[in-house]
Amino acid sequence: MIVHLRKSITESQRKEVVRRLGLIGAAIYYSPGTERTILAAIGDPAATRKAGIEELRGVARVIPIDTPYKLANREFRPDDALVHVGKLPFGGPKLPVIAGPCSVENRTDLLAIAHKVKKAGATLLRGGAFKPRTSPYSFQGLGEEGLSILAEAREETGLYVVTEVMDTRDVELVCRYADVLQVGARNVQNFNLLKEVGKSGKPVLLKRGMMTKLTEYLMSAEYVLSNGNYNVILCERGIRSFDTATRNVLDLSIVPLIHHMSHLPVIVDPSHGTGAWRWVAPMARAGVAAGGDGLMIEVHEVPEDAFSDGDQSLLPRRFAAMMKDLRKVATAVGRRI
Amino acid sequence: MIVHLRKSITESQRKEVVRRLGLIGAAIYYSPGTERTILAAIGDPAATRKAGIEELRGVARVIPIDTPYKLANREFRPDDALVHVGKLPFGGPKLPVIAGPCSVENRTDLLAIAHKVKKAGATLLRGGAFKPRTSPYSFQGLGEEGLSILAEAREETGLYVVTEVMDTRDVELVCRYADVLQVGARNVQNFNLLKEVGKSGKPVLLKRGMMTKLTEYLMSAEYVLSNGNYNVILCERGIRSFDTATRNVLDLSIVPLIHHMSHLPVIVDPSHGTGAWRWVAPMARAGVAAGGDGLMIEVHEVPEDAFSDGDQSLLPRRFAAMMKDLRKVATAVGRRI
Amino acid sequence: MIVHLRKSITESQRKEVVRRLGLIGAAIYYSPGTERTILAAIGDPAATRKAGIEELRGVARVIPIDTPYKLANREFRPDDALVHVGKLPFGGPKLPVIAGPCSVENRTDLLAIAHKVKKAGATLLRGGAFKPRTSPYSFQGLGEEGLSILAEAREETGLYVVTEVMDTRDVELVCRYADVLQVGARNVQNFNLLKEVGKSGKPVLLKRGMMTKLTEYLMSAEYVLSNGNYNVILCERGIRSFDTATRNVLDLSIVPLIHHMSHLPVIVDPSHGTGAWRWVAPMARAGVAAGGDGLMIEVHEVPEDAFSDGDQSLLPRRFAAMMKDLRKVATAVGRRI
Amino acid sequence: MIVHLRKSITESQRKEVVRRLGLIGAAIYYSPGTERTILAAIGDPAATRKAGIEELRGVARVIPIDTPYKLANREFRPDDALVHVGKLPFGGPKLPVIAGPCSVENRTDLLAIAHKVKKAGATLLRGGAFKPRTSPYSFQGLGEEGLSILAEAREETGLYVVTEVMDTRDVELVCRYADVLQVGARNVQNFNLLKEVGKSGKPVLLKRGMMTKLTEYLMSAEYVLSNGNYNVILCERGIRSFDTATRNVLDLSIVPLIHHMSHLPVIVDPSHGTGAWRWVAPMARAGVAAGGDGLMIEVHEVPEDAFSDGDQSLLPRRFAAMMKDLRKVATAVGRRI
């Protein structure tokens, strides 16, 4: 349940609330946006109902949460969460754009592309060092070397670095180099990984899986949140359907749904969401118009030579042109890029 | 195959082309946008290849069409088709908006809502007189009485009338009252109905089915086109997925795909595409940003009393507010409403 | 609601029940398997609840039906329905097998294949005279000529004839030739067609659509039943999924689900259900083991020359071998072929 | 590519084949069923084609493999693989049945259920010690204590133990207790976990994911195989669809498809495949009739009190009755239980 405390609550009254919740074994989480005036008590629902919290002094009201996600529920945090990556907030009026190649392939190319996407207006750099590949015989990523190249690109350009972590054993390593830990679509229900990135405290970009229902998705976010890490950015990247005309079906309706049900920011990845560069720009525009809190775009200098996902990568000049168009759409819906 | 004729072709040269194609049994269709300079010859592919059409005088070039849809292929009509409903074109810079209740329920309410959507900027009125209902015990529509009410609303407001036809036996009747024949999602592969609306010559609004692949969809359009009716407007209205968070998943990527593969205009129906009024406005904005050539929106004065689809119907004031926001998005992508 | 009458009910008591239901405008349907001791009253639920039917003499009990399907509900007909095609029952211990080509192509071939499938144990002959084809340029069927060939094959072989009807205008014509009217997957929600085959009284083979939910499927059956035709045979033929390894996914779990929720027989079509001859035999075995009440199998002498669906057609000798194996499986689950 | 060596090949000829393949950097895998007469060389396709292996002495023939899976391809191992768990083979005429509760809940109940499923004919015991739960607040499994209870049940009953591993860090631990490592549906593309269970050498039960295409599934198996572990058992457990009438759609057609494309055994899990105990028995029968190489069934003494998946758990007496029926179906298709 969610407990709204009065602003006038005294410290001893607050302690009493906490003590009572402790008696029934409920875990307590404070809503970060509200300076300790809202808390969630998670435990046995029957016991929490009977604990008489509502009658305590300093308690304004108690809201039972019917949804299985609690900390991801907007009731826990009535305002939009601002998730900060360094000084850059996700969830505010300005939309961050993450851009870069699917994989880090080598130092030279990554630095070159980093400069180009920065110039076009991107504020974060993407690039995989650990790659989840369908085939064991495909390029699996450069590992730590790739991370180190990303870090160098950050030094040179000031772009923040977003990169994927796939293994609980690598979380610490990736944390040393990255600004945002990406959990990929295939790991959206890799619960041990979610716990581990939760414990890390780093901002987490949690991509929706190809067949993740909305509730399941918020529950995966809940794994991170309930491990003490409130810095979760969601990302729609296309779901799997019966139609093979596009690689995935970009389900943009999840953007307003998430904004209604949760306080978490949600960005849009039209590159994976369509699987072909030609549809990236119109779907990026649609993503912004639907209310997306940012974009993630694959950009590559020579898409046909890309180690992975070349088909869906934009050339830098097309990325720059798209950014220009996006600014108009963002303005039309009261945001900016 | 598609045959491009030279502008300088003489009448006797043109007749020779037609004669030769006749010899191999090919059906001939002229591209409407090009004043008889492009034609499609549809018949046995091997025979058409061997017929030596390319060598004939007055023939500029011959393009084999690998896709199963021929007349719906952009090769047949390189420019965007403008489908006119009266004086109103679909496919141009100005986006028509179709609005109104799911069903025609009675004369008074329909006239009232017609005036309101007109005032807010709609240019066509929707309303079902024949309703495809999952249950035989649900309201099945007012039939001809409903059509007559729609026609009266047109007289009063100047809105064009869009209404569904479900039965080959009703095509003639519906043609007497409607400006646009709607073929619903459940009838997207009712091929006899497609032939019949093809023969009618009336503008056809052909909705995508819940599980229609892009190619299948263009083939359904081809049924109408090949029966001599080039006035086809496509409409994305959501596909069925594993997630029940929304009634359907609005697959906006089909908009740029159709624009690339075909010359036909495609509009967006976010009411069926989401199934809940709350998501209609953001998804309408996304539909326009993705390049949609118009919108179809359910509006009802008292959604909770609607005979059908109340959940997804906007109140007139919300419709008006949405139209205002849409104008900005349309401008941002070089269109207007 | 469902009304169970006592066996001892007098005629005047029965008339009183009917009169009362008439007063509240409920339509009355008698359960065919029970000699007028069970009836369904379909009308406004609130009114039927208040009508005091349970208190009437001769009424044993009243069961409210929460499902939207009423006559298809097992409560309406507690025993399995036996749907008779001539003297052949669907729904009993002996499993009818429908076999034949996708389309009727010509007289000679159809008669030849009819004799072969009969010899191998089939009891009904399939063959399309009206074909729902994705492309307007594909073979659309021989029409009435095809129907006449089917009727001739029946004369020669004694096989009952199953053939598809696609258009409300053709129902009367097809009834003159066929023993079973097939409503195809694409027409499962062509409600006017369902009404029309309902009125015809002929046995109806109603195929599930590619995207039909169980409840929707039973509602489509309800359209036929509520038009007075209780002779409905259901047929699982595969649903559409994300995987293209098979043409469709044969959803056999619907067989026990239908048996639980409804009294209607349900057969299995592994030809469309898989789309490739190689998987037909194992999936036919699985269909029988799951409790299917019969099978529908495509057989063709020269599959590579078939006008339609050659890939999924069995050679006659493979059909005969499959039938032999099926007999063992049928015996193992207490049925026979 | 696959290289068939002659039986008469000499050791020095064999070394030359290996040397040549080494020159082009190909990895070499020997087909386990064929005593070193078939090998797969995996490397750059162009280089392997040009390496002139076919001309070498002792080489019978060379088969290029077009599919992305190589070691899972039946070409690599023409006969059915027998995967042994202790003395128990999967893939032979006798079908192993894995049964037990979803989760290990406590020692007493697990030992009791183990004895009951053993008595009814099961040969392996299932039970989760590490549980992948959608909610972080749900029971997450007993961990090592659960593993230890499973090992005790093995001592008492002689049943082999199958249990899930979710984290690369736990593979070693689970190996100490289990006979078969289960990789669950949500981890089917957790590639690091697949590598780790590959290195372990233990038999692996690799469940198909809710959205895994056939090719992707075989590629996931390839991750295990290419890490040197050929003991892979596949398992169909239902895919996600648009219909919520069952929890998942059991896609039995994958059984004959896998048998055609691969040598790996594939079993069927009708408990997850349907999500409700009522449909487990008919779908288990269907699974055996389709050619499944075994079954995995959830059994619980008091399903309504189960910590997880109670709805789909059979009571022990229902499990025993099902086993009796299954024996007949197995016999009918030339297998036994």
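Of note:
First chain written, first letter: the chains are A, B, C and D, and each begins at residue 1.
In this section, a contact is a pair of C-beta atoms (placed from the backbone, for glycine too) under 8 Å apart; a residue touches a chain by one contact, two chains touch by 3 or more.
Bear in mind that the values here come from a model prediction, so they are computed numbers and not experimental data.
Each of B-D and A-D has its own count of C-beta contacts, and the greater count is at A-D. In this assembly, the chain whose C-alpha centre lies farthest from subunit C is A. One finds 38 Å separating the Cα centroids of subunit A and subunit B. In this assembly, the C-alpha centroid of subunit B lies 49 Å from the C-alpha centroid of subunit D.
Averaging Cα coordinates per chain places subunit A and subunit D 34 Å apart.
Within subunit B, the positions touching two or more other chains are listed as 211, 240-242, 244.
Here subunit A touches subunit C in the complex through residues 211, 240-242, 244, going by the rule given at the top. Listed in rising order, the residues of subunit A touching subunit B in the complex are 211, 213-215, 239, 241-246, 249-257, 260, 273-274, 278-279, 282-283, 285-291, 325, 328-329, 331-333. Within the complex formed with subunit D, the subunit A residues making contact are 42, 68, 70, 132-137, 166-169, 186-187, 189-192, 195, 209-211, 216, 219, 222-223, 226-227, 240.
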